[in-house]
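Here chain A shows up in two complexes: once beside chain B, once beside chain C.
The block that comes next holds the complex of A and B.
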C-alpha cells in the first residue's frame, strides 16, 4: 500500500519534469511578452508529430530527432511572433494574443489533420516500453530519460537567463519594457527570440510527451489547459516556479489516482489551482502583484 | 452634432432595428427548409451566447473562457428537470428555460467570487480550470447520466414546425438578451465596466465598487447563456457532457464577439451570424476530418484581427464617420483610438 503511494510520487515527479519542460516556454513567453500562447499545446503536439515522422520515415532515434525538431519549432515560433504577435497593440495585448494564438493553433491543428489524419499515434523507440527497477520502484526508461532531458534543458534555459547578456536583456524587458528600451536593449528582438526559444523548448517536451502518451491533432487542447494551470500556479515568468508547480501538480494527480480514482484526479488537478488562487491570487511563487496591466 | 441630426440618426437606428427584427421573424416562414432553419436556430443560440458574453467580457476587458459552464448547466437543468418532474413533450419543457437561467446565474456567483479575485491574465486561466472541473463533474456525477448522457422529451412535431418553434423560442431569448445588453451598455453599470476595462485601479480610486460591479455583470452574462443551453439541449433531444461542456464553445463565443467588435451591441450578433453559418456550411460540405475547414477558419480569423483589430463593426463605423466628416469638409480628428465611451449600438 505504502509502496503504491511511493510509486505514485515517483511517477508524478518524473512526469512533472516533462510537463515542466512543456510549460517552461509558456511561462517565459508569458512573463516577457504579456501574451498567452494558446498554441503552445498544439505546438507540443506538432513537435511530437515531427519526431514521429522522422523516426518512422528516417528511422531516427527519438532523441536524435530533437536535432531537427527543436530548430524547426524555433523557426515556427519566430515566424508567429514576427508575423502576428508583433502587430498587436500594447493595449489589450493579452486578450488579443489569446485570439491570435488560438487562430494559429487551429491552423496548425488543421494542417496536422490533413497530413497525419485524426487517429491516435505514439512514438516508439527501443527504450519506450522498458523499465528499470531501482529500490523497489518501477522506473520506465523513457520517463527517466525524459526527466533528465528536462533537467538539462531547464538548466540550459536558466544559464541562458542568468549568465548571458541576452538573458540580462530578457530579464530587463520582463521587468520594465520602457526602461529596457531606454538603456539600448532592442526589446523587439528580445521578444522575437524569446518566443522562438519558448516554442523551441516545447519540441523536446513534445517528443517525450509523444513517447509517453498516445496523441492526435486534438491533444493540444487538453494539454494547454494543464500547462496554463502549471504556469499560473508557479507564478508567471518563473521557470523554477513552473518546475515546482509541474512536479507538485502531477504528484498530487498521481496520488489522487491511487488513493481515490483516476476519474477524479483531473478534477483535483484543476481544483488545486482554484484553491491556491483563492488564498494566493498570484500563484505559489509569483511576485506579490502581477505587473500593472 | 446638432440635435436635429442626432434625432434623425436615432430615427434611423429605430427603423433599422425594426427592419432587422422583422427579417428575423419572417426568416423561417420564408425559408422553411429544415436544413436552413436548423442552421438559423444554431446561429440564434450563438448570438445569445456571444451577446451575453460581451456584456461582461467585452465591456470589462476580463476575457472569460468558461461560459460553457453556464451553457452546460442550463442544458442539464432542462434535461434533469424534465426527467425528475416528468414533464411531457411539447411546449411545457420550455417552462424550464427560465429556471436554467436562474441555475446558471446561481453558479456564476461562487464562480465569479473565486475567479474575479485575480487580475486579467490569471482570470483567463482560472475560468478554464473551473470549466474543466465542471466538465469532469458532468462526466462522473450520477444524476447527469455520465458519458451516456440524458434524453430530453421528444415532441412529435413535423420537421418544419419543430425547427420553427425552437427558432421562435430562441428568438424570444435573443431579443431579451439584446435588450439587456443595450440597457447595460447605456447604464451606469456599463460605464463602470468600461472604466474597469480602461484602468481598474483608477476606477476603484474614483469610487467604482469594482468587485461588486464585476460580479454583478458576470452573473448577468451567465443567465442568457444558461437559457440558450436549455433550448439547445431540448432541440437536440439528448445531451452529452462533451457537447454540453465543450471547450470550443468557450473560445467560439469569444471569437464571435471579437470578430464583430467588443463592447458593441451589433458586433456579437454579426460575429455569430458570419462564423456560425460558415461553420455549419463547412460541416455540411466536408463531413470527415475537417482539416481544411480549420485552416480556413483560422486564416479568416487572423486576417480579420490583423486588418481590423477592433472588430468589423467599430472599424466600419469609424470609416463611415470619417467619410461623412470628409464630405462635410471638416478635417476633424477622424481616427478614434478606441471605441468611444458612448456610441450607438
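The block that comes next holds the complex of A and C.
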C-alpha cells in the first residue's frame, strides 16, 4: 500500500507539471493585464490540434511540432489582444475580459469543429504509451518530458519577467501605466506581446495535454475550471505559484483517490483550497510578486 | 416622476403579475398541446405543412461526439423518409437544438420545442442523464418521448407513461459478457476482476449485475470503486487498478476519453488484463480508434448494434451512411443506429394510427406491438423499455469492430481471449 501512495505522489507531481504548463499563460496574462482569459482551455485544445495536424500530416515528432505551434499561437494571442482586448476600457477590463474571451473561445471552438469535426482524437508518438522503471515505479515518458518542458518554459518565463528589460517594462506598466508611458514605455505594445507570450506557452501545454488525453473541440471547457483553480491557489500572476499549485492539486487528488476513494479526491482538494484561501486570500504566492520591482 | 418606493412597488407588482402569468401559462399550456391532431387526410402529399420533429442534442459539451452522431442518425432517417414519400404523405422537418450536454438546458429546449416551436413529435436527447429531465417535460405536455440513448433504470424509475427507449435495457448490457467469462474453463477463467466506474446513471447499474454473475463463478473482486464523471487525472485510479493485477477489467465508462486514459495508463504500467470490457466508448467507431490507435485491439463493449449487422434495414442504413459521410461499417458510431431506430419506430407507429396525436401515439406504443428497426425488433413493456432487442458484445479485432458474443450466435466470431498485450 505504501508503494501505491508513493506512486500516487509521483503521478501527481508529473501530472501537475502538465497542468502548470497549461495554466502558466493564464496566470501571466492576468498578472500583467488584469485579463481573465476564459479562452485558455480552448487555446490549450487549439495547441493540441495544431500538434495533431502536424504530426499526422507531416509526420513530425510531437515535441518538434512546438517549433511551429508556439509561434503560431503567439500570433493568435497577438491577434486576439489587438482585435479584442485592447478595446476594453481599463476600468472594466477584468469583468469585460471574461465576456470577450468567452466569445473568443466560442469562435475558436466553432472553427475547430468545422475543421476537425466532433470526434475525439489523441496525439500519438513512440514514447506516449511507454514508461521507464525507476526504484520500483513506472514513470511514463510523456509525463517526464512534459514535466521537464514545464520547468524549462516556466523558468524562461520567470527569467523574461525578472531578468530582462522587457520584463522591467512590463512590470512598470503594470504598476502605473501613466508613469510608464511618461518614461517612454509603449504600454500597448508590451501588453500585446505579453498576451502573445501567454498564449504561446499554451501551445506546449496543449501538446502534452493532447498526448495524455483524448480530446475534441469541446474539451477546453472541462479544463478552464481546473486551470482557474490552479492560478487562484498559486496566486494570480505568479508563475512559480502556478507550478506549486498545480503539483499540490494533483498530488492531493491522486493520494486521496488511492487512499480513500476517487469520489472524494476533488472535494478534499477544494476543502484544502478554501482553507488556504481563508488564511492567504491572495493565494500561495499572491499577485504582488509578479509586479514587484 | 416615480418615487423610489412607487417604482419598487410597481416593479414588485409587475414581477408578481409576470410570475402569475407564467405560472398560468405553464399550467394551462400543456392542456392545449399534446401534439397536432393532423391526420393523413389533412396532410396531402406536396400540399400539407411539413411534420416538425423536435429533438435536443448535445452538439457541444461532454457528449458532443455522441450528440453529433445522433444528429447524423436522425438526419439520415429523415432523408430516407422524405425520399420515400414522407410521413403521412408530408415532408419531415427536423428541429434540432443544442443542449451543450447540460441537464438544465435540455429542459429549456424541450419546453421551447413543444410550447413555442409547436413540434408535432419529440425525439429523445443523448444519454440517460439528459433523458430523465426531458421525459418529465414531455410528459407534462402530453408528448411521447421516443428515445435511443436513455435505457438506464433512472429513466424508468419515475413511472412515466410517455417514454419509450428503442435500445438495450442498460442494466443487463454486461450480462452476456459476464456469463461468458463465468463459463470459461477454470484454467482460462479470470481469477480476479476489477470494476472501476464513473458515477453516471448509465454505468453504475450495469456493474453490480455483472459482478454478481462473476463472483458466483468464483471470480474474486479486487477493485470496485466509483470515480467522478469529471476527473482531473485518471492515472492514480488506473494505476490502483493495475496494482491489483486483476485478470479482467470491467470499466463503467460513458465516453472515449475515459477508456483512452485507462488504456494509456495500463500500457504505461505494463499491465495487461486478459479481458478489458468498457460499457461505452469502444462502440464509437472511428472516434474510438482515432483516440486509442492500435491499443483498440481486443477491447470489448456491450451493445445492441454494429456496422456488420446482417438485418436488411441496417445494411441499407450503413450504405446510406457511407455514401453520405464516407468511411466504413466499423467506423460508424452505434449512436447513429440508435437515433435511426427512434425515427423508424415513430414512423411505423404514426403510419399505423394515421395521426400525430401524441395521446394515440403513446397508447399505440404501449399496445404490445413489435416494431422493426436497424437494431432489430422493438417491443415496449409497461415501463417503455425495449424487451425484444438482444444484447451482444463486440470486440475490436485487427482494426475491425466484430460481434463476438453470445458465442455461437449467427455472425459471432471467436473472441480474442486473452487479449493481446497493449502496444
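Rule of thumb we're sticking to: the second predicted complex is superposed on the first by the 281 of 293 C-alpha atoms of A that agree within 3 Å, B and C clash if a C-alpha of one lies under 4 Å from a C-alpha of the other, contacts with A are read in each partner's own complex, and residues count from 1 in each chain.
Just so it is clear, a contact is a pair of C-beta atoms (placed from the backbone, for glycine too) under 8 Å apart; a residue touches a chain by one contact, two chains touch by 3 or more.
In this text the structure is predicted, and so the values were computed from the model without any measurement.
Superimposing the complexes on chain A yields a three-chain arrangement in which chain B and chain C clash. By the document's definition of touching, of the two partners only chain B reaches A:271; chain C does not.
In the superposition on chain A, A:109 makes contact with both chain B and chain C.
With both structures placed on the common chain, the touch criterion links A:130 to chain C but leaves chain B unconnected.
With both structures placed on the common chain, the touch criterion links A:263 to chain B and to chain C. By the touch criterion stated above, A:221 is placed in contact with chain B and with chain C alike.
In the superposition on chain A, contact of A:11 is made with chain C only, not with chain B.
In the superposition on chain A, A:188 makes contact with neither chain B nor chain C. With both structures placed on the common chain, the touch criterion links A:121 to chain C but leaves chain B unconnected. When the shared chain is aligned, chain C comes close enough to touch A:254, but chain B does not.
Mapped onto the common chain A, chain B and chain C collide along 236-244, the only clashing stretch among 236-244, 254-262 or 326-334. Across the two superposed structures, the residue set of chain A contacted by chain B and also by chain C is 109, 117-118, 217, 221, 263, 266. Of all residues in chain A, those touching chain C in their complex are 3-4, 7-8, 11-12, 15, 19, 109, 117-122, 124, 128-131, 138, 140, 212-219, 221-222, 226, 249-250, 253-255, 257-258, 261-263, 265-266.
Contact residues on chain B toward chain A in their complex (touch as defined above): 61, 63, 65, 114, 117-122, 124-126, 128-130, 132-133, 136-137, 139-140, 200-201, 247, 251, 254-255, 258, 289-299, 301-302, 305-306, 309, 338. Here chain A touches chain B in the complex through residues 30, 34, 36, 84, 87-89, 91-92, 94-96, 98-100, 102-107, 109-114, 117-118, 217, 221, 225, 228-229, 231-232, 236, 263-264, 266-267, 270-271, 273-274, 277-278, 281-283, 290, 292-293, going by the rule given at the top.
Across the complex, chain A is touched by residues 59-62, 64-65, 67-68, 199, 225-228, 230-233, 235-237, 239-240, 243, 255-257, 260-261, 264, 267-270, 284, 286-288, 290-293, 295, 422-423 of chain C.
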